[in-house]
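Structures follow.
Next come two complexes, and both contain chain A; in the first it sits with chain B, in the second with chain C.
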Partner chain A sequence: MNIDNTIDITDVVCPVTYVKVKVELEDMEPGQVLSVRLNSGDALQNVPRSLKNDGHRVFDVTDNEDGTYTILVERGQDD
Partner chain B sequence: MADANFKELKKGGFMKQKQKDRFSMRLKTIGGQVTIEQLETIRHVAETYGHGYIHLTSRQGIEIPFIALEDIDTVKKELAKGGVQNGVCGARLRTITACQGNAVCPSGLIDTQHIARECEARYGGREFPAKFKIGITGCPNNCLKTEENDLGIKGGIEPQWHHDDCIFCGLCQAVCPSSAITVDKKEKTLSFTADQCLFCGKCVTTCPSSAWVGTAGYNVSLGGLYGKQITIGRHFLPLLHSEEELYRVIDVVLDFFENHAKPGERFAKTVERIGWDTVERLVREVL
Partner chain C sequence: MKLTNEQLERYSRNIILFGGKGQKKLLAGKVLVIGAGGLGAPAALYLAAAGVGTIGIVDYDVVDLSNLQRQIIHSTASVGQRKVDSASHTLEGLNPDVHVVTYNEWVNSQTLPQIIDDQHYDFIIDATDNFPAKFLINDACVLGGHPFSHAGIIRFGGQTLTYVPGKGPCYRCIFDTMPPAGAVPSCKEAGILGAVGGVIGCIQATEAIKYLLGQGELLTGALLTYDALTMRFRKIPVGHNPHCAICGDDPSIHELIDYKQPVCESKVGKGSL
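For the complex of A and B:
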């Protein structure tokens, strides 16, 4: 698996979590992969849903078993 | 003033105050919505006939305290002219509470305001041996605390999983609050324990490949009580998928309450006395 970019949003809370992810994705090309480390709870509930609404595609989720998860996101096409 | 007249006033939403011949006047609200026109009218009445303030009740209602006995008829007329009706107190179907629902809230799964208006049209103010409360909330976040009500309605989604669309990413397992889903990413298998499902729909709303789909419905709880004694409304019905089905259930429950409750006995107590199995059987007959 080729990961093009990585971001850790475990040090921020909603809604900054998704804002940081969004900013990161904006600098990437459609089809590229972003790895996001996020906290369980609010961030996990909200960030993947927002990604879906914005046309990006989560395709792998790993429980890091330390209260955080790592999700892999394929950047969607621009509108 | 005769007792019978107090009863009549209470029926019309006038709560006798500790101060002589003063009443806190309850106004009718449905699902906590009040229009600007109504607010203007309420402002005018509170300023002219009350003490210049209103009280927000625990059930999303408005009361105007310190209305004098001799002003009651005038106040009623002024309110009616401005599109405001009196609320109800006593042994009746009370103010129907509701959150903003899916018309406004991103989490909302059902149109709570529509259901609230429809319930008001069908059951509002109906007389019973004791008070009866209906509360409606749009999703399992439960902002309106539906299980406190004699009958609660909560929006939910019954999820279904389609194998062919699944990419086995594991997101649904991660977001499921009740651990009802287990995904084996290596073996590409998924197991779903339906009886642990809370109908929250998180699997449906987050699934990146739309392998989880579902239709929204109504999750009904019965027998909530939150006064001197406390019971939490029980869930034993499947998610109801049509409004007609929902009203059939409510009809049965209300008829049961009307026919079996002793004076002043709340629904939870009636059901405890007669038996939950009886109510469950009656309700299931109309599903």
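For the complex of A and C:
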């Protein structure tokens, strides 16, 4: 799997978590993959849902077993 | 330009709505607010809060105690100060991202085009309280090709309309000329509920933000009226008037006119609502 870009949002809380991912994806091309490291709990619950609502595809979730997860997001098409 | 972490947090609710790209449009946007009074105060506050990067404020008045009932950008401590200074102080305190440009002067046929050109404003908000200024702003925007938001408030009601060059009517299409002196009372004579200025001023700020974002439908082609007592909004469709003296097929007005009429409220005779 080719990962085009990575971002760590474990240092911020909702809704800035999602905001940071959203802004990062804006600067990428449709089809490119962003790896996001996030905390379990609110971020893990909310960020993937918001990404789906925005037309992106979350296709992999890995438990890092340190309280964080890494999700892989394929950037969707622009509206 | 990359948004800082602080900006991502400050504007997080905006960015969820229209992305970092939209926020950058606002930060690059320039809006001129003419009048730091009952309409201009809420309008400028919301523009600054949203992160509109350059906000021009025009007013030649000083803050009076009787202003504070509606002009929420000023405070008791700023009574006696120039309104542009008081407004600028409040806006910069609210959001240091905003560059506030002040014009401590009144608009007339000479000053207004210079003020608009000073920062090449993208959008203009007419937050004035008198007909000479309203016709002047309309005419300057039509002749100069600038989009603007008209509004007026009195007693328990208000109205607003957005003009975009080439789309729908201008203010003069609907109100062709100045009302005779004394026909319309000033807000000093008639009174004004402060919150009405808040409602209409916030609509003006919303229109400016939508224009900068290029999102949604503007209030072009309709006059929105608001009656607080019945809590009724009416959106009255109004078309472009081919006989309009300034934007019609055969316009008779080709330059700005300095109408004379006593203005509202101000001790120095140059007020904003």
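In the analysis below, the second predicted complex is superposed on the first by the 79 of 79 C-alpha atoms of A that agree within 3 Å, B and C clash if a C-alpha of one lies under 4 Å from a C-alpha of the other, contacts with A are read in each partner's own complex, and residues count from 1 in each chain.
Just so it is clear, contacts are C-beta pairs under 8 Å (C-beta built on N, C-alpha and C of every residue); 3 or more make two chains touch, one makes a residue touch a chain.
Because the structure is a prediction, the values reported are computed rather than measured.
Enquirer: Record, for the superposition on chain A, whether partners chain B and chain C clash or fit.
Expert: They fit side by side.
Enquirer: Looking at the overlay, does A:V58 come into contact with chain B only (first), chain C only (second), both, or neither?
Expert: Only chain B is touched by A:V58; chain C is not.
Enquirer: Counting residues of chain A in contact, which comes out ahead: chain B or chain C?
Expert: B
Enquirer: Based on the superposed arrangement, let me know which partner A:V23 touches: chain B (first), chain C (second), both, or neither?
Expert: second
Enquirer: State whether A:P15 touches chain B only (first), chain C only (second), both chains, or neither.
Expert: Only chain C; A:P15 stays clear of chain B.
Enquirer: Rounded to the nearest angstrom, what is the minimum C-alpha distance from chain B to chain C in the superposition?
Expert: 10
Enquirer: Okay, in this complex, where on chain B does chain A touch?
Expert: Residues 167, 169-171, 173-175, 185, 202, 205-209.
Enquirer: Touching chain B in the complex: which residues of chain A?
Expert: Of all residues in chain A, those touching chain B are 40, 44-45, 48-49, 51-52, 57-63, 69, 71.
Enquirer: Can you check the complex and tell me which residues of chain C touch chain A?
Expert: My answer: residues 3, 5, 8-9, 12-13, 15-16, 19-21.
Enquirer: Looking at the complex, which residues from chain A come into contact with chain C?
Expert: Chain A reaches chain C through residues 12, 15-16, 18-20, 22-23, 26, 50.
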